[in-house]
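Below, chain A partners chain B and then partners chain C, in two separate complexes.
Coming up: the complex of A and B.
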């Protein structure tokens, strides 16, 4: 990979990264959302791999492979399995605010991310930090998804979006974490998703749905 | 002004006039074949046009100038678009008019005239179609402007020919995120603006969800032929504009010798786009009308992200 094309590959991967985040907000069904999450995992791994190849760092490339397995393979698979148990009517997300408004909110959040990260990018201008706003935008969109969705599973998707964004920021801003930190974070993430999967199952057996609005009152049972 | 540019522009207009009905026929034929029907052949829209052009137009009682003027204005704006948009050449003598804002304005002028004509008939269908068309236009127009703005920001000009020339000189631009996002946004917008699936179904007349067809229900004879022809030309020009902006290879400059190649490239590109669109249409259903704003909001976000990335990633 020559140095001229390196920013372009990075931009393309970042574009895909952001696009899948917006796509998650766009879709109503849970199944395409999980598929998009898998694609986003691939994009994240691609960003890290491109950084690794550019810096000739074997460690980063290994981390990229690990990320690809975890974010594009294991986590979507777990979410998929939780979805498989859901009844057909629970496969829609039922957002708190409608899709058109949340898409416009995503646009606003992206612009906010660009505005906020400008001083950060100015600290050390390079092709990697130039992509930083995209990662911040994904964090904000993930947070937005987390706040505005009712189903437990779509909140898991929002949480994973958020974490994908945070990982991307870590690699873009610092050119790589120590491997041990990255491993720890990944295991935490895996555990969180497993716990949430169990929680979703419990929610369904108790209330018959995974609608988190049901959790507003305390019951004496 | 050069003789080559003049010839190319004339050729462009003639080609769009003659080719637009064939293109619509091709899309119908692709769809028919994929659905297992024999299809009417790609020349069927031309046969329909010939039949309609021989018939006398009738106007409903009580309609005024808006109803009579609309077909003429619609075909006029379509012809101007066919001459202005850089389809075969970037050296058109109408180059100063080929400004992005002028093109979008001309496009909207045609749509608004037709909506006014539909209101003029005073029927329930006309009013409904007009109101729906205006809703879609209001959502489509900002998206077109923002999407092409992301392309013009790097060139520093809103002139379409300048944008196409710049892309020709630097082909790698097409693979940038800004360009890809803008292409996706514009594709959705073209589908919405020309009234195709999943926004509107061009094949039905008796559906409460129709948009374009509801507006032209009262037209007959020559007037109807003009409107159908103009719609086909708008579709061709918009597909051609997409091809010119994102796949500009083969477009001729001032030289006469490059013209046959440009002609061939244009026909191939637009045919491929049309066949692709026709194929995709087989697999998707029409969106509920209230879902359409979601689709268009999505394409607006894509366009906005395109602008943002053209500023920050470049």
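Coming up: the complex of A and C.
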């Protein structure tokens, strides 16, 4: 890979990374959301792989392969399976805020991310740090999804967006994480998703719905 | 390692042994083994303290024991005085506790017994700490373990849990104040060991701030107004041996802390600090004894008497500071000696009174003086011992409290020519406060002894009371002998007292001299406790003989029914009760106490002029608590209820708080940068 094309490839992957996050906000149905999540996992793995090839680091390339398996394969698959068990009417999410407003919010959050990361980018200007704002934007959009989506499964998707963003920041801002840290984080993430999957199943059998607003009775009187 | 080092190490070892023993031994053997280990901790402390008072010093650094800061321990005569007092109280109270917990009554549970040695060793070691971190760690260990002991009987009475809350909150308010004060001090001094602090040169503002902060903390531990509200609750609700340790040993650490930081480390040469201390002490002494004078609950009465005595001690400390600041070292040394001696005397009689009250509680099941009475015939030994303690607490001549209060009065009275205008105004007022306190203390303890132990039983359970077991009586007997010894031969403590005072003020002095006759250094005053006792005894015996002689000569005795105005024989309910005995005082101090009195009169159905029933109900709330703490608690409660509106159970709302928190912060950052 030549040095001229390296920033372009990185920008392409980062663009895909951000676009899928915005796409998750845009879609109503759960199935396309999970598909977008898978694509985002590929984009994340691509970012790490590009970094690895540029730095001639075998370890980073291995991590990229692992990330691809986990974030583009295992996690969407688990979410897909949880969706498969859901009845037809539960396959659609009803956002707290409508789609148009959500997309505007995503734009505002991206702007905010660019504004906030300016000093970080200025600290060490390079093609990798130049796409750092995108990763921060994905974190914010993931958080936003978590806040505004009602279904338990769409919240899982929001959480995974958030985590993808954090992982991307970690790789872009540093010159690569120790393998053991990345392994630990990934393992944690897998556990979280498994727990959430079980929780979703329990929610459905107990309340007949996965709408988290039904849980309001639980607060302290 | 010298004697002090070995004994302190032994105390730690015994405490560890006690904890393990509490966890593994059977319920039957537990109180004996744990009580033995705890008493061993106390004896080790007593030996270490005596060693330090005889002139030995000990210093140790254990850098590996505590991360970052390490542990530093040092024992000088000033620490030695407190270590010895605390050790003696702990040893006797632990032996008493063996009998108290032994028969299923009281706290013989595994957890409580395991905490007891920890509390004992923390108490003994706090005065030995020689760096800020060591001091704070031991202080907090002592506070937490005492809290667990206070709530030992929380399953039995709901009031215990409430006392635990009050104690927990106020002790931590105090801890935070001490923490802030000492951390500021250490940061300014550039080191945490007491040697660094002593050598530090601080600006007057910082010194004042540090002093006020530590004063708040130590005053809350000593139970001074307005931070006293935990004390009557916790000391009354704790199991009696623990009450004795709290009231006779733990409160002293507040005094120790202030002497150590105020005199030794900060140098103590600022007058306004000590005027504040004096004022707080005077208010506490008066307020405490007034509340005690109208109290009905025996242990609550004793707890308020602790507030009074700590008030007197702080009054003496304030006076010593004022003298120190106005360059009259002889008077400062005398006032400080009076203070330290009063700490010892108070520890002696208060431990005795609390253990005796515990025996009464154990025998009758009640602490309400209005239900007690007639215990003299049923518990003669306990009555005698309580009387010895009450005599000390009343500060009357043959009691031990008298000696130290006399010393205190001497230092205050002789202040007139010494200082400037402030001293000339403040000291006579302080004399008046001490005198009024002593008078009220007499009334209070006449009430406690007379209503509680003399006359006839006022309830059925009291009639069935039995004398407590030998081990408890033995412990109380040791305390009683100690009180008598302190009353008769205080001069024996002269050299030790002088060493402790000399450490605190930084100049060696010889405060009290003499054998039978007490001679004070610097002022022309002498007193002989022994001769006073002999004179009192002779007077009592002579007047008794005279009465007998006169009465025997008149006519021969004839048994007849008591004249009862034709209203039938007097009933038990016609005796003086604690409430009626305290009523005149309650009237005199109506404005201070503000009692709530309900008199409910029910006339006969036939005529409004014939009374069927009169119900009298009196409630004396703690006014400081009512006016100071109720508004604070209400504000906190309102804030909590507002907080509840924020938490409506919606997961989205909780997530939104986080989201808006993060984005808001980022926005602010983006705008600022």
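As a convention for this text, the second predicted complex is superposed on the first by the 217 of 221 C-alpha atoms of A that agree within 3 Å, B and C clash if a C-alpha of one lies under 4 Å from a C-alpha of the other, contacts with A are read in each partner's own complex, and residues count from 1 in each chain.
Here, a residue touches a chain if its C-beta (ideal position, glycine included) is under 8 Å from a C-beta of that chain, and two chains touch if they have at least 3 such contacts.
Predicted model only: the values in this text are computed from it and were never measured.
Enquirer: So, on chain A, is it clash or fit between chain B and chain C?
Expert: On the superposed model, which is not a single observed complex, chain B and chain C fit side by side.
Enquirer: Identify the partner contact of A:147: answer first if only chain B is touched, second if only chain C is, both if each is, neither if none is.
Expert: second
Enquirer: Is A:133 touching the first partner chain B, the second partner chain C, both, or neither of them?
Expert: The answer is first: A:133 touches chain B but not chain C.
Enquirer: Touching A:109, do we find chain B (first), chain C (second), both, or neither?
Expert: second
Enquirer: Which partner does A:6 reach: the first (chain B), the second (chain C), both, or neither?
Expert: Neither partner.
Enquirer: Quick one: the Cα-centre angle at chain A between chain B and chain C, nearest 10 degrees, please.
Expert: Reported to the nearest 10, the angle reads 140 degrees.
Enquirer: Between chain B (first) and chain C (second), which, if any, makes contact with A:80: first, second, both or neither?
Expert: neither
Enquirer: Minimum Cα separation, chain B versus chain C, post-superposition (Å)?
Expert: Minimum over all C-alpha pairs: 16 Å.
Enquirer: Sort out for me which residues of chain A touch chain C in the complex.
Expert: Going through chain A, the ones touching chain C are 96, 109, 112, 115-116, 118-119, 140, 143-144, 146-148, 150, 212-213, 215-220.
Enquirer: Would you tell me which residues of chain B are touching chain A in their complex?
Expert: On the chain B side, the touching residues are 172, 175-177, 180-181, 293-294, 297-298, 300-302, 304-305, 308-309, 311-313.
Enquirer: For the complex, give me every residue of chain C touching chain A.
Expert: 644, 647-652, 655-656, 658-659, 662-663, 666-667, 669-670, 673
Enquirer: Note which residues of chain A are touching chain B in the complex, please.
Expert: 8, 11-12, 14-15, 18-19, 22, 26, 98-100, 103-104, 106-107, 110-111, 114, 130-131, 133-134
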